[in-house]
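In structure tokens below, several structures.
Same chain, two partners: subunit A is paired with subunit B first, then with subunit C.
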Partner chain A sequence: MTATPHAADRPGPAQRTEALESLLLERGLIDPKVIDGLINRYVNDVGPMNGARVVAKAWSDPEYKARLMEDGTKAIGEFGFAGPQGEFIRVVENSASVHNVVVCTLCSCYPWPVLGLPPTWYKDPAYRARIVREPRTVLAEMGLALSPKTEVKVWDSSSEVRYFVLPERPAGTEQMTEEELAAIVTRDAMVGVGVVHA
Partner chain B sequence: MPEAAVEGDEDNLPGELDLDGPSAPPRSNGALLFEEPWESRAFGLAMSLSNAGRFEWEDFRAELIKAVAAWEAAHPDHEGYRYYERWLEALQAVLASKGVVTPAETDTRARTFADRPAGHDHDHDHDHH
Partner chain C sequence: MDGIHDMGGMQGWGRVSIDPNEPVFAEPWEAKAFAFGALSARLSGGNLDAMRHAIDRQHPYDYLVDGYYGRWLGCVETQLVDTGVLPPGAVEARARKLRGEDVTEPAATEPHKPDYQPTAGGSLRTIDGVPRFNVGDTVRAKTSANSGHSRLPRYTRGHTGTVVTIQPAQVLPDTHAHFVAENAQHVYAVSFPSTILWGADAEDFTLTIDMYDDYLEPA
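Here is the complex of A and B:
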């Protein structure tokens, strides 16, 4: 045993977080109930189901789609979806010839109001580095094999602009209602690492 | 369960996407947003303090970018990356820069928690339910 501090003596993140919360509470800077509420909101209420409704409406209503392409944040706001990380959302549209995929190379920028918090793989160094260098290979590893004829565009989200993919509407869904369409739209398709299947 | 976080890594080349482990890309909308409870607290603390005007979100984001870049530079094989550890570092850095709480204060308090007897039942010194 030695009393000399070294790296291994540094408290772990769970203890440091608890310590930080207790210091902030003592100073009257936080309310644990507010924090509980924020966590609950992002775990249960804000998520890809929001984005799926936006996509379904864009597929069903050409005028809405035009507004969405013109100003993503404003058109998404028509649903009441707004808030942090939603200030500058730009929608990029997939087609038969172009596939868009989104990354944040520097950290984890992501359009929270429509997709909630990003999944672990989106924040992973491997995804952030490799999707830029070899998007086709990474997409294939994630289960999306694209035709060599399809152009792949990689969009780097930042605090200035957060990208949101409008997936291609799959064939055979012409009779589906907006609600039915929303049910088939996945988060992965709205990040561009997947496509929507009927 | 930190052990689980590295399980299966030997099957992956450095930098290869981990398709089966905790960073595996879920193919449905289901997502495990927080792997451990403290991660959700660290998330909520940052959101709450920013909402209350203790710092600008952009200042926090700049610290997060720095923390991520520093970790990646120190770990070229990217093994063992834990996003919320970088998040916590960023939060501590932005709070220190605003003179709210220093990392040393946090470490001192954390050590008193670490010194609690094993099996101690999460006894905060406040009545948080």
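Here is the complex of A and C:
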């Protein structure tokens, strides 16, 4: 049998992280202010609320939507959303007849500027392994039962291109403002494992 | 390399479940591991591809048990040890010392960061020359990947697909991760019918994945 690669009493990840931090600090290689700033940015400032604003604007403004589909990176940049894992963002549109869903089978590449850091399920081996082999089954398990007539497109993010799903605008939202629309757009719909409900 | 990270199509994992209320970081150490990972290329003189390769090279046991941010933590240590910024075993020894064990920490090593300068920021590049393939061309993914870093998943290898988009040219992860060359080249989004990948009984869908020019041959 294959042995585990470590001693049974190996320090856990919390202890090893503390150890790494102490080694880097004593060598003067990291600045605690930079570390705190990075963490704060991805906890508070960069997340699916960014993507929701992009979607709401695309639903409300046909000219913006045209720009978004033509050059996702540039149109998303109009909001000031840019940075790591957003070097080139391509938008794929869901409709009544086409459903797009995004994965990264090799790691967990994800469009950080619009969605923040990926949720646990996106990084789960089960999702990475199965969504490229039985997407309809996986989506149904996740609560999204698609019609057999719906065309399913799975995008595996293997290069530096990041995929962002423009969900279908739900019926009954015609009178909603952009701000109200942004509030109903979910992270899961922008990855393609859910749809937006009015 | 044919590592544990190459998960597309593996079976036996069970269901995917969503926790709609999960925090960005489940524990404080995850946030720190993320931040160190985000800075790891700068700390080790590497790049994003070298970082990914440091994750791919983790022992399969660690890869699965440590979880996502545990892998980030592991890849930071790997990159720092690879470049002599930290000596091998430094992190574990310091962790044991911090919890009160009587351990001798390894002596510091002389950093030897890679002799490498990117020609530009990021991974996209502007290159000369027309793409080898056009939209609509039939292409075949190569049957094997090199034993170093690669972004050619097993489940696509040897299969025939159709070029649907010409993506921006990018540095080749296979050589960039090892500081050999940027080898910037054309990248194509290639679509495969599910039945090509998984047989006649497959669910009905289309799989599209980006392929670097080096990964393809005409079919």
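The criterion applied here is as follows: the second predicted complex is superposed on the first by the 189 of 198 C-alpha atoms of A that agree within 3 Å, B and C clash if a C-alpha of one lies under 4 Å from a C-alpha of the other, contacts with A are read in each partner's own complex, and residues count from 1 in each chain.
We adopt the following convention: contacts are C-beta pairs under 8 Å (C-beta built on N, C-alpha and C of every residue); 3 or more make two chains touch, one makes a residue touch a chain.
Every value quoted in this text rests on a predicted model; they were computed, and no experiment measured them.
Peer 1: With the two structures overlaid on subunit A, would subunit B and subunit C clash, or do they fit side by side?
Peer 2: clash
Peer 1: Quick check for you: in the superposed arrangement, does A:155 touch first (subunit B), second (subunit C), both or neither?
Peer 2: second
Peer 1: With the two complexes superposed on chain A, say which partner A:18 touches: subunit B (first), subunit C (second), both, or neither.
Peer 2: Both partners.
Peer 1: Now for A:135: first (subunit B), second (subunit C), both, or neither, which partner does it touch?
Peer 2: Touch status of A:135: second partner only.
Peer 1: Which holds for A:48: it touches subunit B only (first), subunit C only (second), both, or neither?
Peer 2: A:48: touches subunit B, not subunit C.
Peer 1: If you lay the two complexes on top of each other, which residues of subunit A touch subunit B in one and subunit C in the other?
Peer 2: In subunit A, residues 10-11, 13-24, 27, 29-30, 34-35, 38-39, 42-43, 47, 84, 106-108, 116-117, 119-121, 123-127, 129-130, 138, 141-143, 159, 188, 193 are touched by subunit B and also by subunit C.
Peer 1: Mind pulling up the subunit A residues that touch subunit B in the complex?
Peer 2: Subunit A residues touching subunit B: 10-27, 29-32, 34-36, 38-39, 42-43, 47-49, 52, 84, 106-109, 116-117, 119-121, 123-127, 129-130, 138, 141-143, 159, 186-188, 193-194.
Peer 1: Considering the complex alone, what residue numbers of subunit B touch subunit A?
Peer 2: Residues in contact with subunit A: 15-19, 22-29, 31-38, 40-45, 47-52, 54, 57-58, 61, 64-65, 68-69, 72, 78, 81-85, 88, 91-92, 95, 100-101, 105-114, 124-126, 128.
Peer 1: Give every residue of subunit C touching subunit A within the complex, in rising order.
Peer 2: Interface residues on the subunit C side: 5-11, 13-19, 22, 24-29, 31-36, 38-39, 43, 52, 55-56, 59, 61-62, 64, 66, 68-70, 73, 76-77, 85-86, 90-99, 122-124, 151-153, 155, 167-168, 170, 187, 189, 197-198, 202-212.
Peer 1: Which subunit A residues qualify as touching subunit C in the complex?
Peer 2: Where subunit A meets subunit C, its residues are 2, 4-6, 10-11, 13-24, 27, 29-30, 34-35, 38-39, 42-43, 47, 84, 87-88, 103, 105-108, 116-117, 119-121, 123-130, 132-138, 141-143, 148, 151-161, 188, 193.
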